[in-house]
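Order as written gives the chain letters A, B, C and D; numbering starts at 1 within each chain.
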Amino acid sequence: MGTVVFFVFAILAVASAWGVVTSKNIMHSALYLALSFSGVAVLYVLMNADYLAAVQLLIYTGGIAIMVVFAIMLTLRGEISDSNPENGVWGWGAIISVLMFLMIALVVLTNTDWRVLPTPWTSGGSASDISLLLLTKFMIPFEAVAILLTMALVGAVVLAKGVKVSK
Amino acid sequence: MSALPTVSSLSMLLPFTLLAPLVAMLLIVFLPKEETKTIKLVAAMGMFVSLALSIYAFFAYNIEQGGMQFTLTIPWIPDLGVNLALGVDGLSLPMLLLTNLIGFSSIYASWNMDKRVKEYFILLLILIAGVMGTFIARDLFIFFLFYEIVVIPIYIMVIIWGSSKRVTKEYAGMKLTIYLLIGSAFLLVGMIALYLAAAAGGNPTFMFEELAARQDLYSPAFQKVAFALMIIGFGSLISMFPFHSWSPDGYAGAPTAVSMIHAGVLKKIGGYGLIRLGIYVLPVGASFWAPYIATLAVISVLYAAFIALVQKDMKYVVGYSSVSHMGYVIIAIAALNPTAVTGAVAMMFAHGVMAALFFAMIGFIYEKTHTRNISELGGLAHQVPRLATGFVIAGMASLGLPGTVNFVAEFTIFIAAIKVLPVHTVLGIAGIIFTAVYILRIIANVMFGPRRSEWDHLTDIRGPELVPLVLLAFVIFLGGMFPNILMGLIDSGVNSSGLAEVLETVSQAKIGGLF
Amino acid sequence: MSLLNNFSNLSVGLTSYLLVGAMLFCLGLYGVFAKKNMIAILMSIELMLNAVNINFIAFNRFIWNQKVDIHYVLTGHVAALFIIIVAACEVAVGLALIISVYRNRKSTNVDEFNWLKW
Amino acid sequence: MFKEMHDLFQWAWLIPALPFLSFLLIAFVTKRSKGLSSTVSILAILSSLGMAIAIAYSVIRAGAEIVEHPAIVTVNWLNIGGLTIDFGTIIDPLSAMMLFVVTLVASMVQIYSLGYMHGDKGWSRYYAYQSLFASAMLGMVLATNLLQLFIFWELVGLCSYLLIGFWYFKVSAREAAKKAFMTTRVGDFGLLLGMLFLYSKFGTLDFVALSAAMSTSLQDIAVVGTAGYITVMAFLVFMGPVGKSGQFPLHVWLPDAMEGPTPVSALIHAATMVVAGVYLVARMYFLFDFASPEALQFIAGLGAFTAIFAASIAVVQNDIKRILAYSTLSQLGYMMFALGVGSFSGSMFHLMTHAFFKALMFLGAGSVILALHHKQNIWDMGGLWKKMPITGWTFFIGILAISGMPPFAGFFSKDEILANALQNGHPIIYAVGLFTAFLTAFYMCRLFFVVFMGPEKPENHPHESPWSMTIPLIILAFFSVVGGWVALPGHYNFAFFVHYGELHHVAIDWFLAGISVIAGLLGIGLAYAIYVKNVISAESIVARFPGVYKLLKNGYYVDDLYLWIIHHIMGGMGKILYWFDINIVDGIVNGIALTTRGSGKLLRRTSTGQVQMYAMVFFFAVVVIFMVFAFGEGQLSALNPLATLGGVK
């Protein structure tokens, strides 16, 4: 059962990602992106990361993808069907990406010493478990991230609003 | 290496000597830039303290005891074996004194400076302190550190306060700096190689004495390579042919004080380094390269002398003449003989004083007439007799007239080198004829001859401007008439530092047919 | 041949997740390399970040260091969480920048932005 | 008695020290006051003269003792490992004689200058240089070793330079000063080399020790080739005197040196400095003696050649001082060949007498020049005999002395030299010397007759010079007369004190002396015939040999040759090397810089500004590095990521 689900959603995620980078219409790209995020969220669930799956859906699919769509709408000029073109050297990019993938795959597949557990653990991964960690061991990074988030918020507002030209 | 600083008597003498100009520099930093008079006075006072301390050191140094004195050793980076080790012996003390003599004079030679006075004196004092540091360092790392400190102010000073003649001052400054940096890059490689070789048995060190004491760790092949690197590094610093071309252009572009310090002392770091690091630490390498160096040195002597004959700009004449004179120092070093090394150090001292005086006088002439072109000048002895006196004294010292310290030094070099390298030395001595020709030419064409009315408005040097003339001429004649004052000290330096034994061993090995 | 062994044992294990992550990462990389539109590049970066997250969680899921306390087991999750947060910030600021640039240059085409050129 | 003498000799260093002190005083204290400057200088040199006389007297009283054992006092000057040099004073008859001559002529010249330099702006400077010169010259005379001698030798050269160029505003004076310095420098190069080789061979420069070391070394049969070595040294050392004493081919500077004030010419370029070379050869006579005979023969030949060469040029010169200068050259040649033929005391004797009468004549010429407001061409002068009786009479004494007329000083010295030349087996040199004596008498009398006897020139208003100038003339004239009498036959004559090796008492050979006198009389008669009686026309002789006349007039074109060499060979060499330096050496440097810049220009094309491009390159590099490590050979495989990645080991 798990295997089937995994393959379905893994293929979904990867195929959507393919769509993101190949689609000529940037709006389609954005929608494929949302789909890909959702596929990944399902993979999280399969790995007992329920809470993260929820976060993924909320932030990525619900937040980021939507924001991207808005940004596209704000900046869109010209023909929508050719809004997401490749540059002149995309062939090289493709080759390097493939080489990169081969490299990673080689490492992954040839390494036998992953120290994989005989049976993966099943408990944990819930919101309560993570919150415990965040408030104890990772408290300082947590606070730092909070500040970062605030600053990003302010920064985004300031940037997007633009500086007023003083008269 | 003990963790505590080793304390000797008067151990704070050298730090104070080194710090005096830096303290003056800091004071100047906090002075308003309109107060040019005060700035100059502060700079002069700082240098005066240094000069007084180094004169004291010169006479307080115990010649009988010899070796490094006034030492101060503070471990700095223990893991790397770097020590903040200061000290002077008979080789470095004359150089320290020379630095301060010229530094003090150079302040007065720039007394009429009116462009960005504050920055000028700040940089000048840093420069002097840097040069001083190289000579009192007992640690290769510190030596190199101070050497690099020196390069930066020179670059800035040439670019801002320099003058463009045949080449622009920017070109001159770049050439000077890049040459020195390339030289120091070779040096750095050699230094690291030496350090690693010396640390092969553990206990890494940068101290000159320690490096020299670990002779058996350096294989002959290593010594040859390392010495070749040193030769390129120090050779370009001492302007040995074919690494000399920065020297005339650089001096011509530089402001007076920089020319004085550069020709007077900075160049001597090359010779000093070759002695202290080259033949002291790497005697086998030195004896391998000695004949080649001697040949290059002779080429320097004759080649630069010939070129000086046809120069139109006074500074170029003196620039090429300093290349020529440094050839004698290199011949002496290549002779690998204690007496010759004594002569080499004395020659560096003598040439330093002479070149500084020469450049100071040319600087005054340029400042007053705004030209250095020999054909545009003439008969200046009418209007500026004191300046002419200084010019003639410098010229006579340059051509090695007896009674000047230059003669003593040259004679010592010749008498020692002629035994070892007769052909080279004879050719080198032939250089004194050409030296006479070009020196007399500029003296005659600039100072003597009919009165020229366009220079009637010139005022003779007076007041503070006289300081370089009086001080440096006094040293030239004192050293020339009573040579034991200087030569005794250098001799003790050569003998007590162990250099003499090293040289004896090398020359015996040579005779024994090891090579 | 370990390679064959791994393929024969093609149940859903660590390797499968890592390969999915690698694919996503490389597709993102391609997007970064080949796209002209700045927003498309930003999206590709998001893909790459997702790939990283998959790796974190996969390692967290399948590898367990016994020496570590039970409460520390979820470190990979925390890392992924932080990445998501930072990615959110990044997208927010990035999009704001893109809009700002767009406002000045009337373009989101990176080919036209070569101020880094000598 | 010897003890108290030694007390005196201990203080010999004061003789050069006093003028030096006066130099310092004038330079730093009395510069502004003309009267004080000259007073200080003259007082100092007179004190030195007094001491020199006292020393000469003591030397004569000591007799044989001092001849055998010179009184030497030394102090250490330079002492470093492997090189020890002493400074000191040596008192023997040779140096005592020189001290007397130098201090006497110097005093006379300084007193004379009171009148001659009257009103000159550089008065104090002049006396400062004079004092410095006297000090250096005396220090040189007293030198105990070759280095000390060399040092003072160079210092007198410096003073000569400064004094020739005293009127530095004259271009001719400036060039003459430069030339003098440069020419002597060429000779000094050889001297320095010789000195260095001597030191490296014998380990000492002290005259006494060097002589001893040489004779031991020569006796040591095991050391082969010492004689040849010494001969080479001798030739090198001799180059110094060639330059300083104006021997051919380095004689060119002396005629030009006449651009200096006339008293300077009298002191430096006639009486004292130019004989320094002769003195050096005399001091180092053992070196030439130990060398193979070619060395002395060479000296004799060169001296004789210079003598006749310069005399022949002097015949056609018109400038009064240049005639005297060529005459000086000729007489120096005399002294040199005297040394070469072994007439040691004859040479020294001639040195002394020549100093008296040549200084006399120069000062007389100065008196004439001053009276005629700095005219120097002899054809602009004439009929001065009546207007300037003292100058005329003293000058006449000088003429007779140099022409070798008995009983004037030149007769004895010249005769001794010529007689020695013949007796020691050098007939050719004797003949040359005799002919030179004839020429000397001729051109000197030509000078005298034209200047003093010829028709008066109406545009001149000459008058006798002041007493400060005439008194030195009279004193020097006195010595020109009696100076020769010290060599009259007898036991304690000049040769007894000043000799080298075995003492030979030579009686005057009246036959040879007669021949010399006849040669001199012939010269005088010829001059009388041409320039007073006009029996023979000078113009017709010139017209018959125009080529020879031109050759002589231009001094055999030696000057032009040297100028050509300096301009074309040395200057050309300098230009070529400068071109090489700027274009090749600098070109390589600039070329490297340009290459760096060019490659920078090329490589910056890769910085397109396209971030994507950069990223691609970056990741491509990652892949490549991975490949290298994964599939590389050797040491790289130790870092193989396939083996090391994955899991904590």
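We adopt the following convention: contacts are C-beta pairs under 8 Å (C-beta built on N, C-alpha and C of every residue); 3 or more make two chains touch, one makes a residue touch a chain.
All values derive from a computational prediction rather than experimental measurement.
Chemist: Per-chain C-alpha centres versus the global one: which chain is nearest?
Modeler: Looking at where each chain's C-alpha mean falls, the closest to the middle is B.
Chemist: For the interfaces A-C and B-D, which has the higher count of C-beta pairs in contact?
Modeler: Per the contact counts, A-C leads.
Chemist: Using mean CA coordinates as chain centres, what's the gap between subunit A and subunit B in Å?
Modeler: 66
Chemist: Taking the mean of the C-alpha atoms as each chain's centre, how many Å separate subunit A from subunit C?
Modeler: 6
Chemist: Taking the mean of the C-alpha atoms as each chain's centre, how many Å separate subunit B from subunit C?
Modeler: That gives a centre separation of 62 Å.
Chemist: Give, as an integer number of Å, the spacing between the C-alpha centres of subunit D and subunit B.
Modeler: Roughly 35 Å, centre to centre.
Chemist: Quick check: what residues of subunit C touch more than one other chain, meaning two or more?
Modeler: Within subunit C, the residues that touch at least two other chains are 29, 32-34, 110-111.
Chemist: Could you tell me which residues belong to subunit B and also touch two or more other chains?
Modeler: Not one residue of subunit B touches more than one other chain, so the list is empty.
Chemist: Touching at least two other chains at once: which residues of subunit A meet that condition?
Modeler: 87, 89, 92-93, 96, 100, 110, 112, 114-115
Chemist: Between which chains does touch occur?
Modeler: In this structure, the chains touch in these pairs: A-C, A-D, B-D, C-D.
Chemist: Can you name the residues of subunit A that touch subunit D in the complex?
Modeler: Residues of subunit A touching subunit D: 87, 89, 92-93, 96, 99-100, 103, 106-107, 110-115.
Chemist: For the complex, which residues does subunit D have touching subunit A?
Modeler: 612-613, 616, 619-620, 622-623, 626-627, 630, 641-642, 645-648
Chemist: Write out the stretch or stretches of subunit B touching subunit D in their complex.
Modeler: 175, 178-179, 242, 244-245, 249, 303, 306-311, 338-339, 342, 379, 381-382, 396, 399, 401-403, 407-408, 411-412, 414-416, 418-419, 425-426, 429-430, 432-434, 436-437, 440-441, 444, 447-451, 483-484, 487-488, 490-491, 494-495, 500
Chemist: How about subunit D: which of its residues touch subunit B in the complex?
Modeler: It comes out as residues 76-83, 147, 150-152, 154-155, 158, 165, 168-171, 174-175, 177-178, 181-182, 185-186, 189, 192-193, 196-197, 199-200, 566, 570-571, 573-575, 577-578, 581, 585-586, 589, 593.
Chemist: Of all residues in subunit D, which touch subunit C in the complex?
Modeler: Residues 604, 607-612, 615-616, 619 of subunit D touch subunit C in their complex.
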